[in-house]
Amino acid sequence: GPSLPALPCCGCRSLSPGAVPGWHLLEGCGGTRCGELLLSPLPTGDVAATFQFRTRWDADLQRGAVSHYRLFPKALGRLVAALGVRELHLALTQGFWRTRYWGQPPLQAPAGAELWVWFQPTVTDVDKAWKELSNILSGIFCASLNFIDSTNTVIPTASFKPLGLTNGTDHHLLRYAVLPREVVCTENLTPWKKLLPCGSKAGLAVLLKAERLFHSSYHSQAVHIRPVCRDASCLAVSWELRQTLTVVFDFFSSGQGKKDWSLFKMFSRTLTDTCPLASQSKVYVDISPKNKEKELLEVSPPPTSVHEAVVQGEKKTYAVYDLLSPSLFNTSRSLNVQLKWKRPQDMEMPIPILHAQRYVAGYGLQTGEICTLIYNTHPYRAFPVILLETVPWYLRLYVHTLTIITKGKENKPSYIHYQPAQDRRRPHLLEMLIQLPANSVTKITIQFERALLKWTEYPPDPNHGFYVGSSVLSALVPSVTAMKDMDVEQSPLFTSLFPSSDGSSYFVRLYTEPLLVNLPTPDFSMPYNVICLTCTVVAVCYGSFYNLLTRTFHVEEPSRGGLAKRLANVIRKFRGVPLL
Amino acid sequence: MAAPLVLVVLAAVTVRAALYRSSVAAFIAERVEVASPLNAWKRVVEGLALLDLGVSPYSGAIFHETPLIIYLFHFLIEYAELVFMVSFKKQKLLIELDKYAPDVAELIQTPMEMHYIPLKVALFYLLNPYTVMSCVAKSTCAINNSVIAFFILATIKGSAFLSAVFLALATYQSLYPLTLFAPALLYLLQRQFIPIKLKSKSFWLYTMQYASLYLCSLVVIICLSFFLLNSWDFIPSVYGFILSVPDLTPNIGLFWYFFAEMFEHFSLFFICVFQINVFFYTIPLAIKLKEHPVFFMFVQLAIISIFKSYPTVGDVALYMAFLPVWSHLYRFLRNIFILSCVLIFCSFLFPVLWHLWIYAGSANSNFYYAITLTFNIGQILLISDYFYAFLRREYYLTHGLHLTRQDGTEAMLVLK
Amino acid sequence: MGFGVKFPLLPLCSPEADTALHRLQDTTLGSLTMYVVPETSSLLPQGTNVYVGKHRSALLRAGGSLAALQARLRQVTQLMSFTASSIAAALSDRVPDGQLGPDARRYLKSSLGYEITFSLLNPDPKSHAVDWDIEGAVNRYVKPVLDKLSLVANFSVDSQILYYAVLGVTPRYDKESSSFLLSAHSLPHVINPVEARLGSSAASLYPVLNFLLYVPERSHSPLYIQDKDGAPVSTNAFHSPRWGGIMVYNVEAPASPQASLPLHVDVDMARVMEVFLAQLRLLFGLSREELPPEILLERPGNEGLADWELDHLLWAHTVENIATVSTTLTSLAQLLDKIGNIVIKDDIASEVYRAVAAVQSAVAKLAQGHLHAAFQASKEAVTSSEKAFFDPSLLHLLYFPDDQKFAIYIPLFLPMAVPILLSLAKIVRETRQHKKEPTKMD
């Protein structure tokens, strides 16, 4: 492990001098510690459950040597302080969120591991800090984040903006890496749960049972650390740790075609109490009517309250269970939220305004083409989207083959940032700002060539293929329904994580499918044979030139004969025939 | 004489123009045997695209052309095709012309046919399928070849200055032509009737003169590139790329599979050993062939095309254009039939095995590798056969064609 | 070390004398000053023959023969600097097990720094809302000690609160005292489940010292620790060598059972820190062993340890460092012996030279009694030798033994060598013939 030098405090913001570490209680969800669970039935009949645990610490980790931790996990706090981290976002995901069918995700993450970090301007060697950080995180979360190196790290210029307080966005302080091959499993969940003050002993976290969570179509767990305003006046900084976990259970196909579910069916547990440290603990169930007819579904037990909000441009109705309200556990000792459909009826699938898909075209192992289709289904508004594409160096992209076609016409990106790859050192980075006209499909294609690698550079299963990380789409999507500012404060979960410019649009970050690309392979059993054969060819050349260069022509003199002649004479002698 | 030449040129132009316009052009341009990472036209276009995006073309691992090339094409991009056509034609003509002189040295024995040698050379180069393919693929190898052709022409015409300038250009383009310095110097010395003796003052004087001409033009060209780009990035990206062989895309050479399969620990050592091969034979050849610089040049070109890190068929075509010059060696060649068969069969097998490996998936890399090995052995044996024949002919020239042994029977010649 | 033997005259009581004399003394590290007082002096209390002060001085009562005085002087000197056993304990890792006594304590290994973590374990946050003023306590009690110890190593202190962290052993209910008991033999199992949650060492180079304050859950209160004989431990705490200490802090049951939960608890930090600091001393091997009653030791006061105890620590650590360096360099040498063709880079070589020079100077300084300089040199030697030993370039080359290298070079060089050898043979043959011919002529 690396040593932890004491970090000088840095002027991240002109704060009032009396920023003393301590505890404050804030109104709203601003409590020091909140847990939320959002259960939303998806159009396909699956159910998405999103947990979010927020811990706020009213101390400035960067200022002075804060070393006394209470609710904030010490391991992460020390990391942030020691390495000059301004913002940290780590997501470990298994499966792929199907935006087209499931709708806009509350918080999507690409398959595998994703890590992006903003460093403090005081950090002099960002690459070193980044390497050290990924090594330590890999230890904390038991993930192979230590495989993050210069070949998969990029510095995006436009796609990732800080989500917390900042006073500058010099993108040289940003690092972004995706490991699409990473498999997420129980050993990653356990350390994640350990960061919760109550562990999985009490509160919402008791539902997080590994054998259920990983028996699902999508599982994504994330950690977000960022500095936030301590209060409305924003004179002091607090640090926020947000742990989110999204899981999608496939009930429709696995549960005899019924879409009914309950907490117990999903997690094989029910809620019995709250974490005594939580200042807020709520369960939201999305009961928004999907068509004009209302009251299609029924939740039991009756919720504490019903909340209406506009989230991601859609009007939503939530049934809210406040676990801290004493009445909830009075009637029964445990809470098992159940949802029943009154009528078995297929919902019409609302198509999300922005969604995308990506695939590899072409055949053979020499060249290929990456195609991305981006859909804008908004009936009358166009909006721009930033596309970030990270491609490993062994797929050699040819940027002159980049074409962007919308409605049959070429669509020139208004901003393009391209950083070509360097062999064994740096991946390709392509960032573009593309205008998506209303009701359109944009097709982006770029050709690549597959490299032949050294035999030691292939993974143990080379014919499985190489993963190319998801491309990232970031956009401010115009909303169909107007949102009120109030909604952001009140509505559940993630909404406060992303910036919202005004009521007319909302921020969406989407990830496309990761790609699996085959490369030509050498024969792995051949190394020594190849050395021998090729060296022989070189030696043949050497030998023949050596002979021609060193020898001269002579007339052949009568010799005593070679080996053959001698042998023949021996035989002749034996037979009694005169010798040659 | 002129009429058949024009006819050949016309035929060559027609073939190329027809192929350019056909769908075969794209297929040929993708062939790894024709376009190497160093000279593929696709990569030149990529470099230009990067330049247009405001990114240094050398910041990535795609573009490895020299700065002069990229600027040449930057201005000429619209006329690129034309440029290729022009450069091809020019180069052909040059090769034809250059053959006049060498043959003069050989006139002693070969009679009237001398006259047709330029025509044969032109025919051999212009209609060689290898040349046609690299031309149609728009490989910049053609430009390198024409620079080398200019250099040979200048040398044979006895112009030390032009020869040095073109040699510098050729070196700047692909590094390996550095070894052609020795034959060029020997030829020029021969023309000046300066004896090649290490103690002779005039020998050293002329050598210094030629070397400084060469070095000066090289420095000028490199500085020019620096000023064009305002950075030295192109040095590692072009010469570092040639020397350290990071790109293992299959080609007809010996490097790619060897270094794909090499143990990491030894790869630096073997890269050095393999690169030295090109330069290794120059000095012994210079000593042995100091009286015959043109043959020396031919052998050296062949060695370059065998041992360079990213060879293409264009390089092979260059030295093959010399073969008609040595037609008088034909009677001394031992295996010419077998070797030509080997080379021709390999040329056909390259695309077949490539298809089986890359597209059909029914063969693996070893098949293609085996063909490259055979092709290279074929080349090596061809060159050494020519070398052998050349030496043998020399012997006969001095000792007479009918040798007798002491006992009066007909003698055999052996290398000892 | 210097031994000044002086005879003070003023009638004072011993602690005052100690303070007063402090000004006169040589205060360099490793020096000792012995004052011999007349047999009848009232400076020392009755029955006490030796008084060891807070600083680097001791008072001895003259008495008996000169030889007896000399023996006493020797005893006190060893007590205040080092004894054979304290050095043996410092080298305990390198001495075969048999040579050490069974109770040879395993003290903390010498290191350039230590990280101290105080953790409050609250397994039952529903019943107890425990709050501790750790910051104040660290400033008040721990900091003076660490300031003093900063000569030995760098220290960093942090703290955390862990909820729902339980000990690995279910305590036994004792009906008689209506309390729960943890017996001594079950203590080793207590730490493991907690250890996993401490979250230390993810990002540190240095050894971590853990001090845990355990507030037992309500259903297991009060909880007492028993020693081997079954008697309750007065401090209700125990320590684990090289790891840290645990203290059980019982919360008094509320007067009325209806009192609303959670019960608010403010930890008495003075009581806790007293125990933790004593454990810290134990971890560093600064235990005050059983001494004959005639020797009186002054309490170290607020700083937690006396000057001479600091010296004691430095002596031990210096010796340990020197031993570490010699082990490291020996293993490095063995490695190099084993692999003949290993490449030693210049910077590694210079680190090795630096380590050797530093360790030699440490030994020399130690012999001269310059404790501080010797300690610094030994630290440098450790740093350099470890840097050399752990250099990645020393590992990389291990993979290719000579025979494999040979196998890889042979396909190229053997065929290349054959024509050369043949022509050499030919040359040799020809020169022989040349030599023969002239003799024939004769």
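Each chain gets a letter, A, B and C, in the order it is written, and its residues are counted from 1.
The definition used in the following text is that a contact is a pair of C-beta atoms (placed from the backbone, for glycine too) under 8 Å apart; a residue touches a chain by one contact, two chains touch by 3 or more.
The chain list, named the UniProt way, goes like this: A = Phosphatidylinositol glycan anchor biosynthesis class T; B = Phosphatidylinositol glycan anchor biosynthesis class U; C = Phosphatidylinositol glycan anchor biosynthesis class S.
No experiment lies behind these values; they were computed from the predicted model shown.
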Which pair, A-B or A-C, has more C-beta contacts? A-B
So which chain ends up closest to the centre of the protein, judged by Cα positions averaged per chain? A
Go ahead and note the Å separation of the Cα centroids belonging to chain B and chain C. 71
Could you grab the centroid distance between chain A and chain B? Build each centroid from C-alpha atoms only and quote it in angstrom. 50
Computed distance of Cα centres, chain C from chain A, in Å: 43
Counting only residues that touch at least two other chains, what does the list for chain C look like? 408, 412
Where does chain A touch two or more other chains at once, residue-wise? 531, 538, 540, 547
Chain B residues touching 2+ other chains are 263
Per the contact definition, I'd like the list of chain A residues that touch chain B in the complex. 363-367, 393, 396, 398-400, 416, 418-424, 428, 449, 451-456, 520-523, 526-527, 530-531, 533-534, 537-538, 540-541, 544-545, 547-549, 551-558
Of all residues in chain A, those that touch chain C in their complex: 1-4, 67-71, 73-75, 78-79, 82, 136, 139-140, 194, 197-199, 201-202, 273, 275-277, 528, 531-532, 535-536, 538-540, 542-543, 546-547, 550
Please name which positions on chain B make contact with chain C in the complex. 263, 265-266, 270, 273
Contact residues on chain C for chain B in the complex? 397, 399-400, 405, 408, 412
Given the complex, residues on chain B that touch chain A span 30, 32, 42, 45-46, 48-50, 53, 55, 59-62, 246-250, 254, 256-264, 267, 274, 277, 281, 284-285, 288, 306, 357-359, 364-366, 369, 373, 376-377, 380-381, 384, 387-388, 391-392, 395, 403, 405-407, 411-416
